[in-house]
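You will see chain A twice below: alongside chain B first, and alongside chain C after that.
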Partner chain A sequence: MLMKRRTLFGALASVLALGIGLATAQPRTGGEMVIVSGENPRHLNPAVQSGVATAVPGTQIFASPLRVDENWNFHPYLAQSWDWSDDGLSLTLNLVDNAVFHDGVPVTSADVAFSIMTIKANHPFQTMFGPVEAVDTPDPHTAIIRLSAPHPALLLALTGALCPIIPQHVYGDGQDVRDHPANNAPVGSGPFRLAEYRPGEQITLERFDDFFIDGRPYLDGITIRIVRDAASVTLSLESGEADAGIITDASAITRLGATDGLTVTPRGFEGIGPIQWLAFNTRVAPLDDVRVRQAIAYSMDRDFILNALMRGVAASQQGPIIESSPFFNPDMPSYNLDLDRANALLDEAGYPRDADGNRFTITMDTIPGRDSALGNVPEYLRSQLREVGINVELRTSPDFPTWAGRLASGDFQMSMDVVFNWGDPVIGVHRTYLSSNIRPVIWSNTQGYVNARVDELLAEAGSTLDTDARRALYAEFQDIVGAELPVYWINALPYHHVFDDRIELPLSIWGMMQSMDEVYWTEDR
Partner chain B sequence: MGTLRYILQRLFYGLILITGVVVLNFFLIHAAPGDAAEVIAGEMGGITEEMMAEIRANYGLDQPILVQLGLYLSQILRGDLGMSYHFNQPVTTLIGQRVGATILLALSAQVLAMVLGVVLGVLAARKPQGILSGFVSVFSTVGYAAPVFWTGLMLVVLFSVVVPIFPVEGMISARFRGDAFDYALNVLHHLVLPASTLAILFLAQYARLSRAAMIEVLGADYVRTARAKGLGEWRVTFHHALRNAVLPILTVAGIQFGNLISGALLVETVFNWPGMGRLAFDSVLRRDYPTLLGVLFFASAVVVIANLLTDLSYRLADPRIRTGGR
Partner chain C sequence: MARIHTAKPTATKTPEAISPMGEAWGQFLRNRPAVFGLVLLAAIVAFVLYGRYGFAGDPYRIVWGPLTAPGVREGVYLGTDFLGRDLLTGLLKGGAPTLAVGISAAFLTVVIGIAVGALAGFFGGWMDDLLMRLTEFFQVLPALLFAMVLVTLFSPSLFTISFAIGIVSWPPTARLTRAEFLRIRELEYVTAARSIGASNRRIIWRVILPNALPPLIVSATLTVGVAILFEAGLSFLGLGDPNTISWGLMIGQNRGYLLEAWWPVAIPGIAIFLTVFAVSLVGDGLNDAFNPKLRSR
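The block that comes next holds the complex of A and B.
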């Protein structure tokens, strides 16, 4: 009898547990999420401002035509479907008919056209909509993007923070969009609307009840807390004052990874593709000699950098295209520790050791403001290069403009740098290697690298729609720059998402830089 | 000299001083390499040189530096501190949003430091060779010598991580929802650590000063007389002696005002306190000239006014100063 009762209770408990299990599998509505951010946005309009700090709030406030998932597949968002023309010179977007801005005005194709042309004219990433000639609007829910040449990065450029649809009735008033007052009080059609913005302190977003996707967003609100001190960012995540955040510091990643109740993951940064590299000024001796650049690459122990200096939290990165991208070529030339070869190359290049064993002295700059993320890599490079007879003088810059000024004006020999891929190579990779992009501005081809075949390959890959054909073109490009090393790619910067275990947070290639209408608490906080 | 004439004269010198501060700061900031356009390029992930030129033209950075200075000074005369390059908002608005937080922090720290410092100093002075006196001396020296950001971080580790009773950062909880009373409580909760950090720095000075002043006063004839009259030790210490020892303490309180503001700058950065210090810190890094100059202008004006008020209160309190010491 007793046995029977236990069985009955057991069965009942199982049914209950199953019920609860099923209940948690369903998204729950309600609750707020606090995100801690180490950076302060200039404003909240991603149409005219790139960067993570603007993109995270900006993609909650503004909806974009498309979304992309973690496998680089595109999905409907404001556009419920899209069609390429056969010649690849026009893309038709069929918009949903129930989307409204936070002020109640319907979203139409005119807003889409206005947004794309505004972004083309004002956004720093000129290649995103470079080939766009016009956007036609045959009816309020159809927008046709007309191109001067096929543009393979167009679909990606229509996702996330790259293409916020901004209201023409607000931004089309003749004022300069880059300094528009509405950038600090934006009106979008995204899942959350701005409730309060205290610059430099806090951005409070609340659920937009008339969001065009029924039942979304699941959260009642998102608060972004701006905390400029890196240690305080870590502590507020550890103490539960914040529920989610983005961190790059290896020791913070290790520490928070060991904290109960927190998920720490490198996923969600495939889109930005942050690469840490050593840039060479290829116009000045001794770095104008490819053998010297190769010798430097052969002096480094990649495993030591990844496992010891970066504490095992950074991913390998041996080329110009982030390794998680479908266009990365794993067979490109790679360099690992081989001091004999490095010495031989330097001898061959005509830089023999003197009586003290030195060959030459070289200056190395480092990008300021990323000290914790760079780890001790600059010091390690210095000690390794001494092994092969190269003296390195480390030159630090007190702040970003000092460093940027040196690189932009060519007043450097080599420099540690952090550069983002921004999804498609057309947007974030070409700029570093095209000879036409040798310009006196930061993150252009400041290395002064010139290779006619590379120029050809990039031009072709930038106007070919077929992914396999592009992959082949980029493979050859990576083979060439891998051999010529205008840049020595060290590792992927260890960007990580941190969030409370009880939050269900789908991470696409854009991570938190895409609409978070699908985010929910699996249980009460 | 009449008090009104004195005030006018001091105000005139104050204006010259503030102008000097503005001009000097203007040249210092512009002497640093790079400008706001490069910062914006950095935050943008790289921009074209055309955009850079446009930004420089918009902000007037392409003008000769003396022209920029002239424009800036004429702007200030009209009560306009310009637009922040970073926040794209009037600098006066930005300062207005933050001045309350800085004043709250600075005054709380000042009061805390004065009250605790004087009490500790007085207690220590009663037995100059005692244990408490030794403790006050050591604590004051360590508190004064320790960098304020280090003290702050140690307090955070201790009271926000090891014993989590105070919040890590900010002035108000990110999740705060409630009425005005709850708001005040929430701010008070957040205020404890930053105010204590800043107070520890100044507490040391007040404790040492009041200890020294009290030792001197307690040895004076009138204190001996008071004791001889049979007054209680408490009354002698706090009624007769402290009243006479308090003048140098007030002097220091006035002079310290500028230091208090600069101390608040560091404390605000450590505790993410949304005051003017953090605004100044961020604008240095961003080459946000209008904001930084605005904050420095505002801070120097406040210090000049505070010093003037201190001097005036002296003249009212001590007739010897009013009559030029004759």
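The block that comes next holds the complex of A and C.
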């Protein structure tokens, strides 16, 4: 009886859904889309290269086992279903049986195994497949991922640009995958295949007719035009020369937002979670004192930064996990402008004002070439910290590697930094706070932050599959780092998608960094 | 010999009445634009010195809302920049570093230029060839790009910026000095000095250089203006010294907001314009004063 009722409801629901679907949007086939990009990818193989510039074309060319939607729910893609073992130590992927690579060779479980092991060995995000011990292939359409410990980030690591399935018969020829010639002429099983690649100029993708999902993709092709500067990106979107793009500049966002016929939205970047923060070197005085770090946090006015400097286009970010993530803890300690409190904390920490009203001088590094795009926060900080008697001396670096080297080697006091969450905290958050990750590389725990309880909590959250249990662990973690402030989180960078209103573009947490086979023109261009 | 001795007092008496310097000064004063330039320059220097030594405001202090227009709020006469810092305070405090960069870069230009030009012009031969090839090498490098490379390489500070501007600007001075030396070293009084056994060093320093100086002074004056513009250009491109407020830095930091607010860029821009204008007028005045042949024009 119960069963029947359920079926009835189910049928009713699907009829309704179908009706709504028919009424609102009937996908149209055909047409091309031009994407403009201000960044030039190093190559087109996301298996060994992170970053947005590679991910956008890479996810069109390569299919991944799963997809994720805007609510962090997983959906079948190359894998039509998946099963966790009861102990959480193995995940079985059942692959679709009609997927072929662009050269006609079928996609098998051997390719999945090869891809995952290649990514584990070569991708910059070591934690992504860290616990993967082996991938078994009992038959051509079943892949079993064996883990040394439960790994809650695994499903997310199988989506989008994080897990492109690359053909073993192309990349398995013994050459180093990181410099493989096929990285510039990739063969994947995604909805679009590479027609032409002119590095630094244009990437032309055309519809792959044998794509394994019937009737997809809707578009005939995607052209990615690479231009040199941000102003050209804005202009080509404004003039309609390009149909879609990604922008981060506040003035461009305001300007394009006011342009008729364009949709400008911050959605679609929940996955990468780009956070701007002020990093403290917790190993050196005076920043080794938590009261000094808190005083600096109390000297800043969040509203001013968001409204005056970022001009209202950036979201607030008060903690280590991006606020749009289900793991963010809104009750964690937060800091806002309170100069009296800042002064009191500095007095208490033993840094009184001298006759001129100064307490100490501190050096602050800036990321080369990005100051204005990041809202000139260093300039603002200098003015604010003078109010509480701290002199800030800005130090510039001639180029990115110099700055990265200074942070990596601990040769700094404070620095601006931008770090991405990359979906699951295991991938992009743990690295900043684990004491085991104090390594001489950029975007590790460059602050030298050590807290045994944080290490414990992260280790546990990284090997617990239950989402609610993980949320509780991360909540405590956020309470601790919120109180101890190894970094002060300022804002989420204002990444925005821009696209022509006539394009139906579903934006998952990965935005354009996931297969665009469902994208279509609602009317002719 | 005795005759020469007796002739000397009379020879010095007459020049006292119409000494070259006094004559040039008189000529300068008759040049109205030059006098205007001098007065303007004096006013700017007074303003800057007051900002440096007399005025106690903090240019980094946020006084009012960002991008407040001039005159909207009492006490914030010239408005505020993108952070809400007072532009008048910035103008007062930023003047001294701006002028310091201009003057020290011009000084460096003159020192290198005269050294290279004097050696090349005086000795000629392989020394001339070598130094002139070197000069041409520096001259063909695009000055702004070269300065940008230098500043980036040594990280921007007032010192490195002055250094970079000096390094890229000396070739014209060197060529000018060389030309003067080539001309003067053939004159009779140089031959005379040589014939009484004066050393090369003495001839260069005491005989030729003083006579070659007038055009070099003009060139150095104009270089001050060029150097100030150069500093502004570097700051505009984000290569200014981030720890010292200067007029160029004010322009560079506010240029991103130009479409919303013109004053944070225009006001320091006008200050730079007036300074360079004044320096150029004075330079032109000096040029006319030192070149009697051009007087009638």
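Please note the rule applied: the second predicted complex is superposed on the first by the 499 of 525 C-alpha atoms of A that agree within 3 Å, B and C clash if a C-alpha of one lies under 4 Å from a C-alpha of the other, contacts with A are read in each partner's own complex, and residues count from 1 in each chain.
What we mean here is this: a contact is a pair of C-beta atoms (placed from the backbone, for glycine too) under 8 Å apart; a residue touches a chain by one contact, two chains touch by 3 or more.
On a predicted model such as this, the values are computed, not experimentally measured, just so you know.
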- Clash or fit: how do chain B and chain C relate after the overlay on chain A? fit
- Where does A:E241 make contact in the superposed view: on chain B (first), on chain C (second), on both, or on neither? first
- Query: With the two structures laid over each other on chain A, which partner does A:E476 touch: chain B (first), chain C (second), both, or neither?
  - Reply: neither
- Message: Output check: A:P440 vs chain B and chain C. Expected answer is one of first, second, both, neither. What do you get?
- Response: first
- Note on the structure: The answer to whether chain B or chain C touches more of chain A is B
- Message: Tell me the contact category for A:D229 with respect to chain B and chain C: first, second, both or neither.
- Response: first
- Could you tell me if A:E206 is touching chain B, chain C, both of them or neither one (first, second, both, neither)? neither
- Mind working out whether A:N376 is in touch with chain B, chain C, both or neither, as first, second, both or neither? second
- Task: Considering only touches as defined above, state whether A:R386 meets chain B (first), chain C (second), both or neither.
- Result: second
- Give one of first, second, both or neither to describe whether A:L394 is in contact with chain B, with chain C, with both, or with none. second
- Message: Please give the least Cα distance, whole angstrom, that chain B and chain C reach in the superposed model.
- Response: 7
- Query: Which chain A residues contact chain B in one complex and chain C in the other?
  - Reply: 369, 399
- If you look only at chain A, which of its residues touch chain B in the complex? 32, 34, 40, 42-43, 49-51, 53, 124-126, 179, 183-184, 198-202, 223, 225, 227-229, 231-232, 235-236, 238-239, 241-242, 369, 399-402, 404-405, 408, 420, 422, 428, 431, 439-444
- chain A partner contacts - residues on chain B that touch it in the complex: 32-36, 38-49, 51-52, 58, 86-89, 94, 97, 153, 156, 160-161, 164, 167-170, 173-175, 269-272, 274, 278-279, 281-282, 284-285, 287
- Per the touch rule above, chain A residues touching chain C in the complex are 251, 308-309, 366, 369, 371-372, 376, 378-380, 382-384, 386-387, 393-399
- Note on the structure: The residues of chain C that touch chain A in their complex are 58, 60-62, 65-66, 82-85, 152-153, 155-156, 238, 242-243, 253, 256, 259
